[in-house]
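Every chain is named by a letter (A, B, C and D) in the order it is written, and numbering of its residues begins at 1.
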Amino acid sequence: MTIKTESVSLEDARRVVAAGEAKADEIGSPSNIAVVDVGGNLVAHIRMDEAWIGSVDISINKAFTSRAFDITTADLAANAGPGEQFFGINASNNGRVMIFAGGVPLRHGGRIVGAVGVSGGSGEQDQTVAEAAATAF
Amino acid sequence: MTIKTESVSLEDARRVVAAGEAKADEIGSPSNIAVVDVGGNLVAHIRMDEAWIGSVDISINKAFTSRAFDITTADLAANAGPGEQFFGINASNNGRVMIFAGGVPLRHGGRIVGAVGVSGGSGEQDQTVAEAAATAF
Amino acid sequence: MTIKTESVSLEDARRVVAAGEAKADEIGSPSNIAVVDVGGNLVAHIRMDEAWIGSVDISINKAFTSRAFDITTADLAANAGPGEQFFGINASNNGRVMIFAGGVPLRHGGRIVGAVGVSGGSGEQDQTVAEAAATAF
Amino acid sequence: MTIKTESVSLEDARRVVAAGEAKADEIGSPSNIAVVDVGGNLVAHIRMDEAWIGSVDISINKAFTSRAFDITTADLAANAGPGEQFFGINASNNGRVMIFAGGVPLRHGGRIVGAVGVSGGSGEQDQTVAEAAATAF
């Protein structure tokens, strides 16, 4: 009766991180990059040289958020502003819900089995890096 | 001189959860459903298969919020936006106050004696499931 | 390259909870009973009538702890006292690590795929209820 | 008059992590391995396949603790038991202080410029992995 699922291995996570790192280098946006598994738990994290120390937490929690709600944090952001249906969601989960761009789900076999989170640049830069990272999964 | 009160039994909570679950199945919105008692303390929680893991906390805290202020979280939301009288209330109570739809009080004999909280779909879906759940009380 | 794993369904969790509840009734120890999945995230929780409200959190976190370290919380306790190798572990994970009896892993196919946590009575009572619950998995 | 300092680069951190990972493989102790810089901030983290999810936080905080107090967490442990001079220190820093083996400072030019934290096995295993990791610095 148990549920069969898949998750992200360390090897997977490293491939995702490496792809994000390459893109971050390419666009000149030193980043924190984090990968979580199907349970939302951290598998790997890097902080590139010169990347913000405040972004350690953000990258990990963007990844968490993206898996926790099976959505990009950019899409969640669109629903979390004043007057929107999820306004205030960022107070939940002990402040771990990030509502700005940079978190992207990792999909395998039609299911979301983890997520990547990026923080270090503008929202657009973080999203670009995260998408490049996710593509490598 | 003590206060006589009523509260939600586990049997009540299960009936409420079951009604919510049936509605969630009907509308295709896998949900977390939580019930709290007159003290705002959890009586029962379920996470339906496929429901978001980030919604565990939200469902419990929507129920808490609804009993804590004797209001639906949808109605609280209307008072918690920028410029409204309770703007910022979600920073109180250690982040447990949820200001979006899905929390509904449970009433008995003209009094609020608990609440149900639902999280897993859109605000509209969560509200629909929560109202169906509360009706079973 | 992804990892194949299994987890606890809501149906599984309810069977586990029901078995725990029956044992708790039998030994007269009103309990909180919680089940988490392979990721340590809550699947179901009940608080039996008359069970302690302070035990809501404890039951959920005993289940979390048992899966987080793939161990019974009773066995962890033996390693977490003064002078032992894990003394102080309960300060980690934001206070979610419970180091007393009542958390038991759920195993399937030789792997730990979730856990059950019980709180409401003495350590011995909680352990008895948790073991009965886990056996039903 | 500013202070000149050195810190751990991502390249350094990866070398440290890789050495720890090799030792963890050798002794059969799947581990979380984390490296922090001179500011105590995370530079890199990995969770090896099968390593405990509860050890993510512990590995990061063992590294933090080791740099925060410029000491191995094993040595801190000896001072943090009942009756010792730092008993209770693990309640400080929002629960980030780990007082059991597995955190080791990283030294360069006679100074401590970061630390590594390992969690996943017994205290002895974690210490062995952390020392191997630190040696690669």
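Note that in this section a contact is a pair of C-beta atoms (placed from the backbone, for glycine too) under 8 Å apart; a residue touches a chain by one contact, two chains touch by 3 or more.
Here the structure is a predicted model, which means the values were calculated and not measured.
A.B. asks: Along the shortest chain of touching chains, how many steps lie between chain B and chain D?
C.D. replies: 2
A.B. asks: When the C-alpha atoms of chain C and chain D are each averaged to a single point, how far apart are the two points in Å?
C.D. replies: 29
A.B. asks: Go ahead and note the Å separation of the Cα centroids belonging to chain A and chain D.
C.D. replies: 25
A.B. asks: If I count partner chains per residue in chain B, which residues reach a count of at least 2?
C.D. replies: 49, 53
A.B. asks: If each chain is a dot and touching chains are joined, what shape do you get: line, ring, star, complete or other?
C.D. replies: other
A.B. asks: Let me know each pair of chains that touch one another.
C.D. replies: Every touching chain pair, ordered by label, is A-B, A-C, A-D, B-C, C-D.
A.B. asks: In the complex formed with chain C, which residues of chain B make contact?
C.D. replies: Per the touch definition, chain B meets chain C at residues 9-10, 13-14, 39, 41-49, 53, 56.
A.B. asks: So in the complex, the part of chain A that touches chain C is made up of which residues?
C.D. replies: 1-9, 11-12, 15, 37-41, 94, 108, 113
A.B. asks: In their complex, what parts of chain D are in touch with chain C?
C.D. replies: The touching residues are 49, 52-55, 57-58, 61, 77, 80-82, 90-91, 95, 97-101, 122-124.
A.B. asks: Quick check on the complex: what are the chain C residues that touch chain D?
C.D. replies: The contact residues of chain C facing chain D are 3, 39-40, 64-65, 67-70, 82-83, 85-89, 91-95, 97.
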